[in-house]
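Look for chain A in each of the two complexes below; its partner is chain B in the first and chain C in the second.
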Partner chain A sequence: MFFRTKNIKLSPIKQMELLASKIPDVVSLAQGIPSFDTPEIIKKAALKALNRGVVAKYSLTYGLPELRETIEQKLAEDGMHYDFEKEIIVTAGSIEAITATLLTVIQPPEAKSHRVKNEVILFSPSYASYPEAIKAAGGRPVFANLIEENNWQIDFKNLIKKINSRTAAIIICNPNNPTGAIFPKDDLLKIAEAAWKKKIFIICDEVYKDFVYDSTAMGAPDVQKLKFFSLAQIPELRKIIIRVFSLSKVYAMTGWRIGFLHSDEENVSEIVKIHDSLVTCAPVISQYAAIGALDFADKEVGTFRTKYQERRDLICRHLDDLPNVFSYQKPSGSYFVFPKILKLKNSLRFALNLLERTRVAVVPGIAFGPSGEGHIRMSFGRSEKDINEAMKRIKDYFVSVDGSKGKASNL
Partner chain B sequence: MNNFFKLIIQFFLKWCAKIYLWQIKPHIIVVAGTTGRHWIKEAAAEALKEKNFPVRTNRKNFNAEIGLPLSILDLPSGEGSFRRWLNVLYRAAGMVFRPNAPILKQFLVLEMAVDRPEGINYLLSIVKPNTLILTTVTMIYAENFENLDEIALEYKKLIKALRWNGLAILNFDDQRIKSLAAFSDKRVISCGFSGEADFQVKNIKKVSDGQEIKLQIYPSNQIRLIKTHRFGKHHVYAILVKEIIKESFQISAPDFFKQIRTEP
Partner chain C sequence: MFFRTKNIKLSPIKQMELLASKIPDVVSLAQGIPSFDTPEIIKKAALKALNRGVVAKYSLTYGLPELRETIEQKLAEDGMHYDFEKEIIVTAGSIEAITATLLTVIQPPEAKSHRVKNEVILFSPSYASYPEAIKAAGGRPVFANLIEENNWQIDFKNLIKKINSRTAAIIICNPNNPTGAIFPKDDLLKIAEAAWKKKIFIICDEVYKDFVYDSTAMGAPDVQKLKFFSLAQIPELRKIIIRVFSLSKVYAMTGWRIGFLHSDEENVSEIVKIHDSLVTCAPVISQYAAIGALDFADKEVGTFRTKYQERRDLICRHLDDLPNVFSYQKPSGSYFVFPKILKLKNSLRFALNLLERTRVAVVPGIAFGPSGEGHIRMSFGRSEKDINEAMKRIKDYFVSVDGSKGKASNL
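Entry: the complex of A and B
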């Protein structure tokens, strides 16, 4: 009866949150929500717009021109040049941007076009909602491996094998969710070269680009060169690059549902048709809040970054205390750590048991693709108090069942 | 920040900015219009820098009642903090009342934003333009106005406020801006795609890494080919303004400032 949705699953992240919400005194490191409230200066911008009486009506489908102008200026600061009038769409968060893009670029067999392009390559592990968004758009997710031993970098041999005439797009989440790894410039250019030859779109999801902690991770040992590289900085690639960004994480605005995408006019003029049919426009009050964020909240972003770096170091110290339970790669960006569960493969069982026995919610690694199996994702976007409490419970549990160091097999 | 404190800040900053301007006598370029101000402002500043003129522009969107004097004084905002605002006011007073302050010879390129009728009067009570650049009149921030003509009337006041040797640079592709030319008794240079513009775009070609623009300057009929690495029509206007500024300020910086210091 429900042909399109029968193979689509509710994101396991949300499933874990749902289960966790039913358990009293639970500590959740599952969902990637910042512990901070939206900065005051952003709330003030929204209130000001509300009081001016300008938020009750739809905006233009592309978004408020003044917001798009601000976005253009912000992009230019990062070396990306896009026309606010024709090349930027304000969206209801990044997932709407991704879904609208996928609906635009995927050509399923039933489309009866001369060439079927229904495969979308995504890295395994990467963000759990990508496969479902691809399926919702009538496409087929194809996983390309990341190599854990190489700090979750790209397995190019595997990636090249997955590219074929049916490939419509490659999704790159950089910094990667859930691993926190950052793909260096050279690797991104290699992907771009392969995509350019085969006329494949690259969807760059860079929602964590402001939370980068190590310059060396970007192939930039010199601190002066600490600048996040995006393929959207290369003007010659603009026809194949569709970059999405969200204000949710960087400005602690997950509930405002606001983000944007940008690409060459040729692509954006098509994506906007889908965006229009999905949401008409992004929430207008959130668009005004976004102007406040982009114009005035740089200082707050700096504070968040410092805090997250401290929390990353904190959660890593806790993990170091459990050497017989977990091994992990220290994340260079984002606010997730993705430890491997030693001596146990079934991450879903591990996460469910952990929730039941310690009242700590984490996301099973299998949610992020086949290579994620045997891992769990922990968010250090939560407060120090939550991180300490969650890790204390986990440590206490393993110590109580198996002496000082514990073993994962006890779960 | 409550309204009373806001009024005190506004009043104090206004007078500090006025005294500061009286002391340093900069050449003021005002960029106004409802869209495209940022890139025009950047283009004007770039043109002056290329000619080695000292130049300063607004910080971010500091372009209204409090932001404009902060831009003139080159001070940050106190945002929502009472203590930070006190510090801003202290620094503003220091800039104005310090003995033997160095006289900075410079251009100030300032954006001006108007969001309600008569709003421009307050800004003009702080600063009057030597050069005025008008971009467009559109519906952005128009909720307090009856119609677009009412916004244009605000810009008419800016044209009227130009100094005796002032220059107005007008976008002739916007009919309301174009019609303001009739109210100027100062020098007007027009630009745009319009066949009547002095700096006229003849052709634009989008290339992989930007845009190539062919423009013709009247009455000399001079043709210029310019490339920009930015995309969009608004950057074409920015280029036109840059060329006009380069053309209009031909003399050296010391000679220029000597000249404006002796003006009546």
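Entry: the complex of A and C
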């Protein structure tokens, strides 16, 4: 039989989780899962909806009006102005929003038009599911390399070279997964200007925007007061900006599959058709939980942020103990660190060996694009205990095979 | 900007619901939503999972192993043997399963291979979301007409004529939405034989299989004892059969977005890649609810079935009172009736006028394929009160404009 999917991989992140799930006593720093349970206040909102008997039925395809109003308000607080009736779709997490958008804007060669717009530019390294989602939607991923030496920032010249008449969209994950880098406003505006001229969509994936640790990273003295910059804040750009958000990370709700996208009505009225074909509507109990999260869980998010910052510092201290095994750029946001494996290139082999010999799961860097090769992604969304245990096992292993400070080439 | 979706419609069912949601005092027989709340025993399973703190995190992409084991058992009871580890995917409802499958098996013309397999055969009339899902996946819907006079049964010769080298799949909805017809085993086997020879997938959508009312419809004397026939029961066919099921209808769980698909491992290992790109995993709280449903809610399903049969008889009696407005085939399964509008062809105009003048929402038949034109779909999944009120309004309207028995031409 024929399968269109032969060139698509099941995300290596999920593959590592599958492998890890079969190993007893494994410690996983692989998938980006918060260690926390969903806050009580959110669970209570879900529970109340359950008891009120309002979760049994489909919501409207766009999502519950009450939730969309809440989202409209929340966005307005962040300087983004979108009409809940026509410009916001509640989705089954951000990946559904991204894939629905790609299925809307990618024009494969078979269309009768002379125009082909099947290329989607994404950074290397960035989120492993993008290239697979692009291929699933009939598109071609085009990687623009980030500069590791410059803390994984954008190589603007390299990016511009990748734009051509076939470019349908650019995906920007900010803060970036897996590097934890934050892209500055000026760079984003430069990209937007280039995209605007060529009528190219920008998909802004900002699911880690609430986990930003260094005020300096965004050129401001006080991160708590700092407003995260999003291209969706610029009204003149709304025709090309499709912003995607998920409650998964910020509210420890990955299992609930709830997120949203927003853009100009013209775009949203097209994307909603695909959204309808993918899931009809987002899960309704999760929509009620989301209302609780957006309305009442700011304090919990603050707690998570503080914890993740401590964990970032913790994992970095551990990495500092292995200077002959890894080098790394300190992440400014997200809950990932993306160390370079010294003296070894094959990240998949490294990750598989690490899993086998230390029962620690990490994601091979190659999963995040060609320039991710030679790195691994470690999540510090996991608990301090897991981080300490994982790093202890790694250290013990390298010390045992190589004396004091180990070498990656032993794996 | 370019949108691939310009030729896709937001499902007319959802459009009618959107219109209806803006009209006060509307009675909707449009969307296929059970009137019942999700049974307590299922809600309790969700609640317990919530309290145990196990719903926050992603499940494996395939779904919770515990749920897949439950599904494997349940399928085995119905004579379908599939391995929970590799042959079952838990999905965000059946539409996600269908679209993921289509995105896997449709080969659009741009592929470098000489083979193009972009046609998907579906019955007319059948579920309105199929053609839109096919188009979303880059395919071309090819309609095979059902025979209204023969209680909407399959026109086998017509179907065979539609098969060619470009055919990727055939979708069979059984019991069929919107007609409520059940296709007999012999016909299904004939289709499977033809599909097998040409290496064509059959997607079996059986979400209404538990709502079957007439034992005679399947040639057996006692419907309670009758095993519903599925092509997925034939082991020799497993390489081409992809069976889709949803808990939405049978357990009154449309809002939970939970269902599953099963097939041979070769197929499932490809579809799971797309599933991962669409939703990562099905909502986890819904997966726990599903375990409760499959394990403990058989009794409730029996109650629903009895109620729906009473409602079918009720709505049919109402339709019998309007012999100059509608003719209809009595449905043997599902919770839809698909009356023909006498003396009027334009079903969209009829439905819109009906909504405006009587505040009753139904779905125009054209939504279900070309041969659905001239009909409307009414759901008797809604409550007796709604059915009575809707039919009273319709009767009052036709009587007021046309004396005793009304004519459709007045709308």
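Structure notes:
We take it that the second predicted complex is superposed on the first by the 402 of 411 C-alpha atoms of A that agree within 3 Å, B and C clash if a C-alpha of one lies under 4 Å from a C-alpha of the other, contacts with A are read in each partner's own complex, and residues count from 1 in each chain.
FYI, contacts are C-beta pairs under 8 Å (C-beta built on N, C-alpha and C of every residue); 3 or more make two chains touch, one makes a residue touch a chain.
These numbers were taken from a predicted model, which means no experiment stands behind them.
Once the two complexes are laid over each other on the shared chain, residue contacts for A:I147 go to neither chain B nor chain C.
In the superposed model, A:P108 lies in contact with chain C only, and not with chain B. Of the two partner chains placed around the shared chain by superposition, chain B and chain C are both touched by A:G53.
After overlaying the two complexes on the shared chain, residue contacts for A:E17 are found with chain C alone; chain B is out of touch. Contacts of A:E236 after superposition on the shared chain: chain B is touched, whereas chain C is not.
After superposition on the shared chain, chain A has more residues touched by C, the comparison being chain B against chain C. Once the two complexes are laid over each other on the shared chain, residue contacts for A:E40 go to chain B alone; chain C is not touched. Residues common to the contacts of chain A with chain B and with chain C across the two structures: 53. Residues 1-6, 8-11, 14, 17-18, 21, 31, 33-34, 36-38, 43, 46-47, 50, 53, 55-61, 92-93, 95-96, 99, 103-111, 113, 115, 117-118, 129, 132-133, 136, 138, 168, 199, 201, 239-240, 252-258, 266-267, 270-274, 276-286 of chain C touch chain A in their complex.
If you check the complex, the residues on chain A that touch chain B are 40-41, 44, 52-54, 64-66, 69, 72-73, 76, 81-87, 235-236, 238, 265, 295-296. Contact residues of chain B toward chain A in the complex are 35-36, 38, 60-61, 79-80, 138, 140-141, 143, 208-210, 229-235.
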